[in-house]
Amino acid sequence: MTEPLGSRPTEWAGKTYSEITDLAGRDGSILVVPVGSVEQHGHHLPVATDTILVDAVAHLGATRVVDDLPVLVTPPVWTGHSPHHRSLGGTLSLGHEDLLGALEGVAETALENGFDALLFCNGHGGNASLVSSVTGTVGVDHPDVEVLGVTYFHLASSFIDDLRESDVGGMAHAGEFETALMLHLRPELVDTDRMEAEELESEYSHGLHDMFDAGPLTVYREFREYSASGAIGAPELATAEQGERLFERLGDELELVLREAHERVR
Amino acid sequence: MTEPLGSRPTEWAGKTYSEITDLAGRDGSILVVPVGSVEQHGHHLPVATDTILVDAVAHLGATRVVDDLPVLVTPPVWTGHSPHHRSLGGTLSLGHEDLLGALEGVAETALENGFDALLFCNGHGGNASLVSSVTGTVGVDHPDVEVLGVTYFHLASSFIDDLRESDVGGMAHAGEFETALMLHLRPELVDTDRMEAEELESEYSHGLHDMFDAGPLTVYREFREYSASGAIGAPELATAEQGERLFERLGDELELVLREAHERVR
Amino acid sequence: MTEPLGSRPTEWAGKTYSEITDLAGRDGSILVVPVGSVEQHGHHLPVATDTILVDAVAHLGATRVVDDLPVLVTPPVWTGHSPHHRSLGGTLSLGHEDLLGALEGVAETALENGFDALLFCNGHGGNASLVSSVTGTVGVDHPDVEVLGVTYFHLASSFIDDLRESDVGGMAHAGEFETALMLHLRPELVDTDRMEAEELESEYSHGLHDMFDAGPLTVYREFREYSASGAIGAPELATAEQGERLFERLGDELELVLREAHERVR
Amino acid sequence: MTEPLGSRPTEWAGKTYSEITDLAGRDGSILVVPVGSVEQHGHHLPVATDTILVDAVAHLGATRVVDDLPVLVTPPVWTGHSPHHRSLGGTLSLGHEDLLGALEGVAETALENGFDALLFCNGHGGNASLVSSVTGTVGVDHPDVEVLGVTYFHLASSFIDDLRESDVGGMAHAGEFETALMLHLRPELVDTDRMEAEELESEYSHGLHDMFDAGPLTVYREFREYSASGAIGAPELATAEQGERLFERLGDELELVLREAHERVR
Amino acid sequence: MTEPLGSRPTEWAGKTYSEITDLAGRDGSILVVPVGSVEQHGHHLPVATDTILVDAVAHLGATRVVDDLPVLVTPPVWTGHSPHHRSLGGTLSLGHEDLLGALEGVAETALENGFDALLFCNGHGGNASLVSSVTGTVGVDHPDVEVLGVTYFHLASSFIDDLRESDVGGMAHAGEFETALMLHLRPELVDTDRMEAEELESEYSHGLHDMFDAGPLTVYREFREYSASGAIGAPELATAEQGERLFERLGDELELVLREAHERVR
Amino acid sequence: MTEPLGSRPTEWAGKTYSEITDLAGRDGSILVVPVGSVEQHGHHLPVATDTILVDAVAHLGATRVVDDLPVLVTPPVWTGHSPHHRSLGGTLSLGHEDLLGALEGVAETALENGFDALLFCNGHGGNASLVSSVTGTVGVDHPDVEVLGVTYFHLASSFIDDLRESDVGGMAHAGEFETALMLHLRPELVDTDRMEAEELESEYSHGLHDMFDAGPLTVYREFREYSASGAIGAPELATAEQGERLFERLGDELELVLREAHERVR
């Protein structure tokens, strides 16, 4: 969220209800629901990092296509699922069932307005499986709506090697990737003097080694066991310029998703 | 929300986790959780009106006391309970149980940081009884924390007669009160050309006659039955100057609540 | 409950099913669901006080109109929500969700009989916000039924100053108001030798000062913190004569609600 | 319920909280929770029949032992589970989960007072498996309390052949058994002019043939499929004298249960 | 389960979907859902005893009729409800609500294929009341389907006296009955060297005295309080020959249930 | 499941409770919970394919290590989540919340026996996000246990290109991969005469293209929209020999996971 709520032309929040129903009734209309979190992000990033980033990416994608197709973005659902971060502090987290219920409630009432497609756009690793699940639980109940879900940073898989400075392991929680995006979008919220981070220890060959090298094995662990600072990776390698390039490339990929969805439902 | 998320010094969102746990650990610390909604507000106000206003009032109150006592405000929970507005469109609403679960989840994890008091500050009529209820369900589980709840506009009861232009009935949904505050805080989001509103019909002597004359009888009704436009009251009497005076007086009352809570828990 | 279950002509309990469906099918039929509680009421009142009183008031109102319009009263739902009274003992209390579910279940099945209106009539402060909420959750599912809710003693606001002996603070839990009604209706259950009560301390200007001066601020607190005896206010000022006058005036107000509801739905 | 709520010395409802906690704290104290229902009972019995009977039986048993051991009876939970009776009308029924939650809530808060044993005493066939289940769900959470459940008319198995006039099939819903008890306890609520009833058709050798010949096979069926009147069996054979004898014998058996429970927990 | 999953011609598991929908669409089709458990069974029987037995009995019954009528058996739901066995170990148990949800989910989706009747066939005492309950909750939602429930060993009541060696008390948990069946069906899983068992103490005249003499009173108790070994009764009296006779007689009774159900729904 | 339940030495089902608690108490003990499904698998594979395969793979992995470390495998939870397959028939599916509850219940009671690690081993795509989620919900409640989750076929990513015959797209639902494994493990259940399958249409660049080329975008769609037969890919390319090689390689990878888990927790 880089602007006050309701300021951007792609925002549901700032419109009147008849503007929304008009847009939703247009052919091939798409709704984007950003899903973020508020959880510890080390000593250099604010706790709302995931919410700020996913909101910005969602609006970037929407802005790219808004002249061509009807699209709207709800306020970000910031009440994410982050039990593994609670022990470090600064974390506001719903239980799995409550977050699922919240997303279903938002979708259920939003779809009454007539959208043809709905994309949950997630910004927090701890929400990823849940957002995948809610795509199904909402989809079952709305066979006539195209229901999609994505964790936005997974869209960077194809190009990340071009833009990263760090080796595998450098892009993890509050690492090079998130820090770069925040330096570009909200530099005043980055404490560059406190860029502490630990390295990721991975005991499992099939486990997670990086945001972009996540093996098939899911391992539950309190974050405090991984990291004293709350950050993992190489935030110190991040730059605002890199953040800008990442952001624009993410916009490209999200634009592609939105255009392909529109093709299908229009 | 008059600023980008995380910009104000009283915001949880913009801080690092250790800043939050430090503040929460101070003597007599207070957390404010604004609870808003996204629902139709007639043709002249945006759907996020209640969220925008409650967030602004909560931060105003917090700002008044932040130099004297430790206080923090979470992002507004904008996923309110508004079933009666759904049929008009533009409404995103959780079921009763899901909103209760969301507020409990936010409170539960927030309180782990060590706050001595928690105030749910609600901005939407449809949430009012639920916010009163959640004060109890959270309070039961946290006997050592002072748990409070208020619907912010009820704090205006004592002074509203000094500031209103309309007779009883003029301050209802999207009426003079909310319009004045929005003209002061976010005038660019008010469509002054479309200030349509109906009058409130009340069939019940003990029913609601105005935001500030709500009788004991609760009547459930779809909003569409009351109002074609989605607004009720006298929005056309509202002015930005009046909005500013209302806003400051609300700040006075909320400041009083926060100071009295601090007295009790410090 | 001043009679054995099923004795009064306005009782659902004592009728056969076809008597009930006949009545429910008449034009403008109204069902009243009393909601009480079983919780400590100091040393001088029995734990079922709220259930006894709300049942009596509901039947008084119904009796006033039963010759003119079809009305029926279910047995009182006595399983209220009283977590704040548990520590003193004698309290049987459902969790918030369970009581909500119970009221919804009663309403759901009752409405299948064909009533045109449903009034939840509550007698316990701890249920008040929940009964307001259930009016909405039932109303949403029954757009063709007029769904109403009221906490009966709030109907006394307009006339209470004429009848009270105490100053503000005297009518609180097990205080002058409830004691007077019980002295009138069930004097054998009032232990006039043990009319102990504490004064209400209110730390908040916007908090509760009396049953009839309840500010906008909800404060959760275990009752034991307020009161050693379990009673607050001035029960010693109550008389049976006063109780009778209160009872009749409550009947007037409830009669008004029922007649206005009938007007609307017939 | 043959008396106004709170009139009998074995009633929780009519006592003050300290009387209850005193009794519960005595050695070998027992709480009885009657569970009834409100559902159609043919054209000759009132819908609250099961609640009236189970309440009366529970207090009879308790009265038999109250001089020797500490025992108390809560108000009857009348919100039973009767989905199969809904289509005939006059039925107020909770869903399975909601009734389970209600009984658990009552037990949970009641046991805080210090009882050594808890007996759910059920009076409605549709509740029987659920009351058996809740004995387990409450028992698991209270290993130090003796948790018991019984459907009271099953206690008559051993002696019913001595007292019945009808052959197998005559004692079914609103049949000879229930009619006899009601003629004894609440004759003014029995419409002896409308004693219509159908015979039970049982297609299954292992199915139900009578209240006292219930085979192992559970068959779900809407009551309307069995019976046009809502009653099955031979109500016309019932007499008040027979009802009195049944009642006293039921009292004997329940007394035995209470004394054996007391032996175990004292 | 005496064969690998999917091996028997009466198994849902081993068929393709079109084979299933073809069978379900035939006139008078019946689905059997076995419900077992995994819980301690003393030192001589495996923890899956109840699942193995109920699965075998269900297929025996189905095999008896499969040439005459369309019948299919799902895999056994082995996730039973056994809280009272947990403390001894080896027990996998769902909570009451979760098992209910699982059975409802299986039934709901199975019935979409077009079956005319559904029989829950239970093999575990701890599931018995729940299986009776689910018959109702599923039946309510499927008025056009014949929904039945049975705990298979209750079908042995009529003939057990012909086949038992032990007196009352010998056929209890992991006693003569279950041991005999396992010696017949899966002898390699019976440890005949460790046939330890305690006698059942019953403090209640109306309580349980044997699997085939279960009084009306339900008593919750941790199994460890009854039995050090985890077994009760007289397993040492069991023989494989007896097990075979029991098994065949159970098949007779289940066949009868299936044929009567088919008569009703075809 | 290639053997009758309880036949294999790595099975929980066939052991007595004390064998289980002994094993669980050993240093570095691991429990594996296979999670399968019963859903349509085209015209050539049985509906229990996923359950059969995941059970076999889990026991293969366990058998590889059972001489070196304490490991046990529960029966497969076959009640999976497959809403998208329901319309084709043959599908038994739990709702999301019910399956989550079932897995949590199994884990909760299993862990009481003293295991140091728990691996949910999933075999069905529709369960994948849910199994990832349950790893978290169980992990939060058991900080001292290593809680892991994996969808077994994802373990084949590293070697699949060596063993596949088909191009991308050939290994999808009931395609080359699953058919090969079934031809190896349960050839009698494969109908080689009916190997019909459609090609996967993917409208999304970021969507799924193959079991081993699943992009970041989740798309909900009823299976019937993809495929008339219920199968997608190239089952006709599968051979039993290939199935054997796949199976052994999967065993290698699962063995690695188990050994690494044991290293961590012993």
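Lettered A, B, C, D, E and F in written order, each chain numbered from 1.
Everything that follows uses one rule, which is that a contact is a pair of C-beta atoms (placed from the backbone, for glycine too) under 8 Å apart; a residue touches a chain by one contact, two chains touch by 3 or more.
A quick map from chain label to UniProt name: A, B, C, D, E, F = Creatininase family protein.
For clarity, every value in this text was computed on a predicted model and none was experimentally measured.
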- Note on the structure: A correct list of chains touching both chain D (Creatininase family protein) and chain F (Creatininase family protein) reads E
- Item | Option in C-D, A-F or A-B whose residue-number contact pairs overlap D-E by over half | A-F
- Message: Counting C-beta pairs in contact, which chain pair has more, A-B or B-C?
- Response: A-B
- Query: Using C-alpha centroids, which chain lies at the maximum separation from chain B (Creatininase family protein)?
  - Reply: E
- Message: Report the inter-centroid distance (CA atoms only) between chain A (Creatininase family protein) and chain E (Creatininase family protein) in whole Å.
- Response: 49
- Which integer distance in Å separates the CA centroid of chain E (Creatininase family protein) from that of chain F (Creatininase family protein)? 27
- By residue number and range, which residues of chain B (Creatininase family protein) touch two or more other chains? 95, 97
- Looking at which chains touch, is this a line, ring, star, complete or other? ring
- Beginning at chain B (Creatininase family protein) with chain C (Creatininase family protein) second, the chains that make up the ring follow as B, C, D, E, F, A
- Query: Quick one: in the complex, what on chain B (Creatininase family protein) touches chain C (Creatininase family protein)?
  - Reply: 81, 83-84, 95-97, 100, 126, 128-133, 135-140, 143, 146-151, 154-155, 157, 203-206, 216-222, 253, 256-257, 260-261, 263-264
- Item | chain A (Creatininase family protein) residues within the chain B (Creatininase family protein) interface of the complex | 1-6, 12-21, 24, 38, 40-48, 51-52, 55, 74-75, 77-79, 86, 88-95, 97-99, 101-102, 104-106, 109-110, 112-113, 186, 189, 191, 194, 230
